[in-house]
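Labels run A, B, C and D following the written order; every chain starts at residue 1.
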Amino acid sequence: MNFSSDNVTGAHPAIVAALAEAAGAGAMPAYGADPLTEGLGARFAEIFEHEVAVFPVATGTAANALALSALVPPWGGILAGHEAHVEADECGAVEALSGARIMTVHAADGKLTPAALAARLAPIRKGDQHQVQPAAISITQATECGTVYTPAEVAALGAFARENELRLHMDGARFANALVGLGCTPAEITWKAGVDVLSFGATKNGALAAEAVIFFEPTLAENFLFRRKRAGHLVSKMRFLSAQLAAYLDGDLWRRNAAHANRMATDLALGLIDLPGVDLDHPVDANEVFVRLPAAIADALFRAGFHFYPWGAPPLDPATEAGLYRLVTAFDTAPAAVAAFIAAATRAAKEIA
Amino acid sequence: MNFSSDNVTGAHPAIVAALAEAAGAGAMPAYGADPLTEGLGARFAEIFEHEVAVFPVATGTAANALALSALVPPWGGILAGHEAHVEADECGAVEALSGARIMTVHAADGKLTPAALAARLAPIRKGDQHQVQPAAISITQATECGTVYTPAEVAALGAFARENELRLHMDGARFANALVGLGCTPAEITWKAGVDVLSFGATKNGALAAEAVIFFEPTLAENFLFRRKRAGHLVSKMRFLSAQLAAYLDGDLWRRNAAHANRMATDLALGLIDLPGVDLDHPVDANEVFVRLPAAIADALFRAGFHFYPWGAPPLDPATEAGLYRLVTAFDTAPAAVAAFIAAATRAAKEIA
Amino acid sequence: MNFSSDNVTGAHPAIVAALAEAAGAGAMPAYGADPLTEGLGARFAEIFEHEVAVFPVATGTAANALALSALVPPWGGILAGHEAHVEADECGAVEALSGARIMTVHAADGKLTPAALAARLAPIRKGDQHQVQPAAISITQATECGTVYTPAEVAALGAFARENELRLHMDGARFANALVGLGCTPAEITWKAGVDVLSFGATKNGALAAEAVIFFEPTLAENFLFRRKRAGHLVSKMRFLSAQLAAYLDGDLWRRNAAHANRMATDLALGLIDLPGVDLDHPVDANEVFVRLPAAIADALFRAGFHFYPWGAPPLDPATEAGLYRLVTAFDTAPAAVAAFIAAATRAAKEIA
Amino acid sequence: MNFSSDNVTGAHPAIVAALAEAAGAGAMPAYGADPLTEGLGARFAEIFEHEVAVFPVATGTAANALALSALVPPWGGILAGHEAHVEADECGAVEALSGARIMTVHAADGKLTPAALAARLAPIRKGDQHQVQPAAISITQATECGTVYTPAEVAALGAFARENELRLHMDGARFANALVGLGCTPAEITWKAGVDVLSFGATKNGALAAEAVIFFEPTLAENFLFRRKRAGHLVSKMRFLSAQLAAYLDGDLWRRNAAHANRMATDLALGLIDLPGVDLDHPVDANEVFVRLPAAIADALFRAGFHFYPWGAPPLDPATEAGLYRLVTAFDTAPAAVAAFIAAATRAAKEIA
């Protein structure tokens, strides 16, 4: 009964089975010249309805840092939300692999807007050798607040990017959750809305360790092989990344997994929202719930063995002020666990009252 | 019947089984706080008979580059053989992640010697701000020539390193093959001989993608968590790297796999060496055979469907001069494949004569 | 009549004379082994009443970036004001030469406070591999707002730094102006208040191009020679940087120059402040005046040939709202130029009324 | 009587005078917008008979590292002679500022040849993600051996570069000495021979600290302003670099200084060459003499107060084998000093005999 993150999960059996099959398939060329990897391009092109260049890597941080390194010069700036994963949780990897600077912008509900970006850009002198030159926008979909950008919202950012000669990157560590939450096509939320490159995540949604950097404009990917290798991110037995990605896409596993996780999150939110003193900080658009819980309820849940994280700054007076907590559901979250969580919270709420 | 590399192989069933078990084991903390990862330290300490700090990563290039980055300052030099993998096959990853320079030294049979190192160091002015300052030696065990350093040879380098205030790194992408070839203990060939940090490889010898950076002096590892994450090499579901490593060590699988691969290489060499015009460039100490083959034999083998690489510069006159080829065996090389290779070569040799 | 910056000035004749003397002094060892450079340590030690390690460089950006690179690891964070020169005007040089990230903190009047720093640090998880680890504070003295930190204010930051295991850097591009404004000793505002390393500027205050990185804890400077050379900042004929610095210190030229510049700034401010619609944004503690001027006055001044910069975001309605302007005085600012500026502004103010 | 280097010299009075004039010229825009800097482009274009983009910097290491960073990607290789200054004497600055790797090639008499380069390139697999990709050639003119490339030799390298899609950089720390030694035009030895960018040195030949990066294909310079600033190499009072460069070119001072230095070197060589046991290691094409001296002669010269460096590896038996020494002359070398050196050597030679 662990709601602390979607990366505390194991992996989906279908993906493990694909790995086992690849493991026993005998000799294959290394470094991506194997048929599993070579098949990914067509598979993703079909899904995204667009020519793509696809590069598997083992971690989301690598996907983000390498993708962005292909979009910006070392003296460039990357506009990102103040809670963006690339800023808050990657120990400077984007800067290390790109040389560029992350420029944070306040992002309500985790979402950047053209207005907020314009305000951030206003004082920066374009072309002035003294200043880091904004060169890309990085958005997270679903966001770090559990919300999602609509196609229209992304398209507005895409238009803003083009007007300002910026590239647009999407950190899709939870891309499937966003997609299912929106009910749109992969194309609508990416290249049709102006996204240049996508970090396509599978790890959090059922894979063991597999992400893909997907370029919608292949010329941007020209040197990506060198970037990936030079950072130590070229996996020799690439078949094992590609097998995960292929199985993830097969039979819509990725969307089915995400749909389940999102439903669990919605159920959690719905089961908690009417309890006295309980409140949501953000809409629940994907598989994360940011909920304010009175200390007595939170403590009761921890005592009952549920795992989840307090989030952000603690309340000044926990006795009277609800604290913020993050609950994350996943492809394997049991409905019973959700029910148990709600029941325990409800009991605790009654005891307080 | 592929002898082109040990990374064209799949993975050993026992390692796949361990992955499957870890995949179904339910929630575990991410980023290395899981019990599988936490158990690795004790397991490796037992094997190496010494306190260690162990950090799993997914690629050998990451292991080498990150390990070396912990040993040298950005203005440091890393002494390595002219055919060393860190120099020839990692696209500058060591330099990228450490800032340091690789300084090549001619390495006969792939092996550095104190004399060769001393000659390389002689013209460098220690402490002179104008010059990159040698700070570490990196040796490969087994070497890129398929040979192995004896404990005495490593110990001589270890002593040289200490005398010259250099650190000693061992690239053990084929560590098990070397160990089995030597018949010594892991301790004898590493810390007892002066090795500070080891890139311990499992991928080429039966794993899917799993290596470990092993520090014998834990203080050197002080900041390694940050180095690994900042380069994008922290795998979130670390259990999946650790499960591979644990299964690799269990029941001596690593040594059994390597022993098989080495035996196959020896068999290959023995079966080829007496053919007319055939010669070995280096002793066969591990799982690689560097063999000179007359063009007619090599061509016959390629036509018969065997895969293996020509190596180094091509002969000036292929009609009269044998070309150099590399044959690599692995944990899953079938004795029948070796026999078939030898038979085909023998047939071709007869046809020439 | 140029008030746009103190780097639009030429150089003080005494400094030029020192250069000429050094130019004609015959052969001297290069790279800092000359007597002029070797004498700097004792000279600065006397001035700062403390053992120091002194390294001349040609630019302030080099001084800041190299000084900070000696204080923080590549995964470290540098806390600096949101308008700090290292953040706003050095094109990412600090990040490029250190690998670290600049973490901005809102700085009213250009000054960091322990409270603002504590709030910035609060959400950061110390020792967590996912996060850039705050490692240093960088303050500017005099600040980018023309204010100065008092010894007590610096000491409070120094104490905060020690409590939080941070190093303290001072960007002293206008150090002399600050010192003269404060009337304290160099020691009181630096090491006695907890400063670890100072970028000591001379260029803006009468030199041609000469700054010094001054370490108060020499062990921090251990590798500085290599850092400086590796970034291309080792000047071969070092005598020419050192001659500037020596002449700058001789006969208190640095304080006399700064005193003059500060006086000119004060005179400017006093002459403007009583005009209708005119206001100061910050106290005038050194040689910069940040003044709000009605558009009609500003325009009249520009038409009259005065040079100075509009500053920050332009007013939404320039017709009714005064705009912000920066006026900088220098060692060679003529009192007549100040009087002329005030007279022109006064005339313009009368015309409006 | 110092022959240890041309950077132990002071500066030429005409250049000092130009600095003094610039120092007293009142306000000028900073950062290169001053008339002195803006005039450099036309001045150099005239001298090189070609459109150029010119960027002054204060050190030769900065010029080389920044110039090369504009020519190669971070995964690129820079082919340079094994004694090249960028390799042997810049503490890794080229790698630090470009990310690229220096690939050394044996250079007899300090000169690269197409044949030597071709041999170095042969084993490298173009386009292979595992390997650093050769991207530029860097030659030194005059070389580190005191020789010069003829226009035909440079043109051969230029042609080789184009055939192999490499850029060609010339480290011209002693460009004037080479030019005078050759008696050709600046154009003939640079862009006409295929040079893309030149590090144009003035410091060693009479300036205080002034070099210029000169691009013959301005598109290569597109981002150079950012590269220079991001490395801390933008000098604020740029007039002081530009004034040195302008004075250096005025009235052919650069060629006159170099001609004098070269003549002094030739005189030295001619005066020494007939002494018994004395020999030259390289032709004397510019202002450096690499001479073998019996120990007794060298010791006598040192005792007589002459300064010069032993060079390379010391002789195994100094009693019987002459040691190698470097003598460098400069714009201000007195003919009397040369005569005194020769006289002292001659006396010592007689005493031995």
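The definition used in the following text is that a residue touches a chain if its C-beta (ideal position, glycine included) is under 8 Å from a C-beta of that chain, and two chains touch if they have at least 3 such contacts.
In UniProt terms, the chains line up like this: A, B, C, D = L-threonine aldolase.
A quick note: this is a predicted structure, and the numbers were derived from the prediction, not measured.
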Exercise for the section: Check every other chain and keep only those touching both subunit C and subunit D; list them. Expected result: A, B
Practice task
Sort the other chains by how far their Cα centres are from that of subunit B and give me the top one.
Solution key: C
Handout entry: Copies subunit B and subunit C - rotation angle from C-alpha fit, nearest 5 degrees
Key = 180
Problem - Chain pair with the higher count of C-beta pairs in contact (A-B, A-C) - result: A-B
Exercise for the section: Quick one: report the Å distance separating subunit A from subunit D, using the average Cα coordinate of each chain. Expected result: 52
Problem - Inter-centroid spacing, subunit C versus subunit A (mean Cα positions, whole Å) - result: 42
Completion exercise
Expressed in whole Å, how far the mean CA point of subunit A lies from that of subunit B is 35
Exercise for the section: Could you list which residues of subunit A touch at least two other chains? Expected result: 31, 74-75, 90-92, 96, 129-130, 226, 229-230, 234
Problem - In the complex, subunit B residues that touch subunit C - result: 31, 73-75, 129-130, 133, 223, 225-230, 234
Fill in the blank from the handout: As the complex stands, subunit D meets subunit B at residues 74-75, 88-92, 95-96, 99-102, 122-123, 129-132, 312-313
Fill in the blank from the handout: The subunit C residues in contact with subunit D across the complex are 2, 4-5, 7-13, 15-16, 19-20, 22-31, 57-62, 64-66, 90-93, 96-97, 203-204, 208-209, 226, 229-237, 239-241, 307
